[in-house]
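You will see two complexes here that share chain A, one where it goes with chain B and one where it goes with chain C.
Our next item is the complex of A and B:
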């Protein structure tokens, strides 16, 4: 793979999608206000849950805020990259414009996963990081190299798992054509990631760890921040992320063999 | 000797198609138990195309023209048989193969809707690994050939269909491909835009010796661009050869309207052994076989007092239409 070429193309992707989005100023403004209100609303909702005894599943409100911060960062990444690109896969396949992507001398997964960005998602990422720094202060977390490395690894793995799940569902469009509902279900499962895994019953914990690994996406990075993490869990998250990423890639290449293009 | 750039052997393609009965009952049945059947849309076809040729694929809607084109450019896997394009197996979509080809579809677009076409050109240039200087040079050359200038800087959504199609062409040709696959490129364009597009394609073919495979329902596209046509009927090739030969075979006679100086001459001509289509006062329409047209006209001009005459070619759409609806046409 020619890395220099891919960097050059990505720079062009950034440029063209920013220019496209900036054509509609009001839309960006509305998106920015929505991002702020959504975060305020989520924190308010979380505070209501903690009003009775101050603990849920053994987590204090200040600790649970870390999960909210990581969720906000991931949601920002979702809104910046996954939502504008991966929902387009369905459109590409239904309307047959995937033809243009497949006939370009560039990796098709790279192209359809990164072609667009939604700049308003950046604000959500920034707000998430601000909340995270606030949580680090109020929870008196000691910042050191191993902590930063582990945080980086676990958040990176969370992004990979989320991307793979979404990409996997979008890929099934090759056979089922319409998969909007499945993506909506995934997004609603993601909301669950705002709460500590321990706050759910045993069976739900198993479900959200094994079948739809939402638990890995927010809870494990949060445990790293609170010093509650155990080595095997981090290792498991790395393994799950790697398996998901490789599987989604293989699945895409397999699905393309069945792509029949739209009729003209 | 000119080499074959496309070689197709015993190519077949089948699709699984589901069918649904009408009404609510049919819809519910279709939802729970989908009836699918395998439909062979391309049936054991063979052909080759030489470098620099312009070949038109003719066929009714659903005949399989676009499926053939999509298999040639590697979008669809063939079910049986083999295809070699420029020495590559298309469906493997190797980088060097993709740098050699382009697909232009009249009804689909790749340009970024909200931005001027120039942004899409530079994006494509980076995908084809062209540096900025080279990209600029090619955009200038192609925009001159296509006669577009300020349109390059106007958002695509504000361009007319004709301007958009020219921009689509430029975006698709920036990497200077050797093989062009065009699927109804003039669809929806007005007469002038169609003519300009055809002129451009002729010029591009002349200057670069690029091979062009074209499907179109506009006969003018085919007659002005293609010397050779491949007629596809229900997934099979019903004719592969020169267009003028096909026209001669399909339409062996010409209609000649003769205006005689007097009605008596017209009556004499009517009884002179020619096949008469109709007669009105001093005007008579006769049918003459293509191979005897010169000698017949000579006889008429020498023996009758003729005021005027018109040779009518049958409309090409009508002639080609015959071959598109009949499978076993006797060539």
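Our next item is the complex of A and C:
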């Protein structure tokens, strides 16, 4: 692996895709308003849940806001990198242009996962961080080194899990050709990441931590922020993230064996 | 349409967000504060799921793709408004989706046997009508947005913007009854509660103003239709086909 080469290539990717996206400037503005409204909407929904109850699943309103903040950051990352790139896989396979990707002297997963970037997602990430800082203030969280490292580790793992989930679904295109709808299913499942895991019934909790580990994605980092997290949970998240990353890689290489190019 | 059975099944599954919301509501006893029993609330969310399934509209995405690919030009020559084509597609897909929605409802009743109910025929017919009206409203709104493709290439981002109030105010995630008073005071003047909340309340037997709701739906259609015709007329004048 030649790290410097990959960094250089990635710089080029950034440059070209930013240049093409900035052509649609009003689009970025509309996307920013969408991100703001969507955050306002989910806080509104949360406030409906809390209007007559002090606690939901053991979480106070101020604490549940942290989950919203982390969800917004992760959603911004999804919109910046995962969504524009991984939906492209579907197109590559349908139109047979995956051949060109495979021929390039560069790792195909790297190329496919990072080729494009959608700058309007940055605004959503910033919005999420703003809310997060606000939450840190209202919850009176002390910032110290161990807390910061733990939160970085858990959020990093969440990003890895999220990426692997998206990549898994997109890879199945090799067999099913059209996976737009599978992506929609994933999106609607991810939606529950906006709420504390404990607010769901036991069976759903099991489902969302064993089969689709959405529970890990937002709840564990938020628990770290509140100082509620237990060591084994963080360890478990790290393990889950590694397993997901490795299997998604293996799955991609496996799927490529089944890929028959456009004319064969 | 039947060729894409798996796809449509997945579409049906992707609409299950109301059930997750129901789970939060009942699991935390939130419904006590708004005076709706568990059973009525679960019926409400099941109906919301059904209404959503049969009123989902994606015309803006189809139209954007067709217009970017230049497929709109041949459609324009035909003596029929191309939106009829999309309209027919939507109807066909709704019909194919029906069995999948029934299967999901079946599973729902296995887990919640106490919420089984049979609406009487009149109510059933009325709610089918109001679901169809809700579909028409959304179809008109999206067609108007789609016509913006004539001016800007990416109309779908405007649609994503409009989807946010639809998601939060239509009653898909929480019944409108539960909204705080400062929202309830103006929300009934907007089209949103008539998209999902009103038909779902009607079908599930929750309290609702039937004649008021239906007339508001018709009023919105009467308002939106001339607007659509106007924007379509202006847009086609503005439209320049590939190579011209």
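Heads up, the rule we're going with is that the second predicted complex is superposed on the first by the 262 of 264 C-alpha atoms of A that agree within 3 Å, B and C clash if a C-alpha of one lies under 4 Å from a C-alpha of the other, contacts with A are read in each partner's own complex, and residues count from 1 in each chain.
Here, a contact is a pair of C-beta atoms (placed from the backbone, for glycine too) under 8 Å apart; a residue touches a chain by one contact, two chains touch by 3 or more.
Note that the coordinates shown come from a computational prediction; the quantities given were computed from them, not determined experimentally.
Taken together in the superposed arrangement on chain A, chain B and chain C fit without clashing. In the superposition on chain A, contact is made by A:105 with chain B only, not with chain C.
In the superposed pair of complexes, A:259 makes contact with chain B only, with no contact to chain C.
After overlaying the two complexes on the shared chain, residue contacts for A:16 are found with chain B alone; chain C is out of touch.
Once both structures are fitted onto chain A, a short way to say it is that chain B and chain C open up an angle of 90° at chain A, using Cα centres and rounding to the nearest 10. When both complexes are overlaid on chain A, the residue A:243 reaches neither chain B nor chain C. In the superposed pair of complexes, A:49 makes contact with chain C only, with no contact to chain B. After overlaying the two complexes on the shared chain, residue contacts for A:204 are found with chain C alone; chain B is out of touch. In the superposed pair of complexes, A:33 makes contact with chain C only, with no contact to chain B.
Once chain A of one complex is fitted onto chain A of the other, the partner contacts of A:230 are absent, as it touches neither chain B nor chain C. When the two complexes are overlaid, the chain among chain B and chain C that reaches more residues of chain A is C.
Between chain B and chain C, the smallest C-alpha to C-alpha distance in the superposed model amounts to 6 Å.
In the superposition on chain A, the residues of chain A touched by chain B in one structure and by chain C in the other are 24.
The touching residues of chain A, when paired with chain B in their complex, are 2, 5, 8-9, 11-13, 15-16, 19-20, 23-24, 95-97, 99-100, 102-106, 257, 259-261, 263-264.
Listed in rising order, the residues of chain C touching chain A in the complex are 4, 6-8, 10-11, 13-17, 20, 23-24, 26-30, 32-33, 152-154, 157-158, 160-161, 164-165, 167-168, 173-174, 178-180, 183.
Those residues of chain B whose C-beta lies close enough to touch chain A in the complex are 15, 66, 70, 73-77, 93, 95-96, 98-99, 101-103, 105, 107-110, 112-115, 119-120, 122-124, 126-129, 155, 183-184. Taken in their complex, chain A has these residues touching chain C: 24, 26-27, 30-31, 33-34, 37-38, 41-42, 44-45, 47-49, 51-53, 56-57, 176, 178, 180-182, 184-185, 187-188, 191-192, 195, 199-201, 204.
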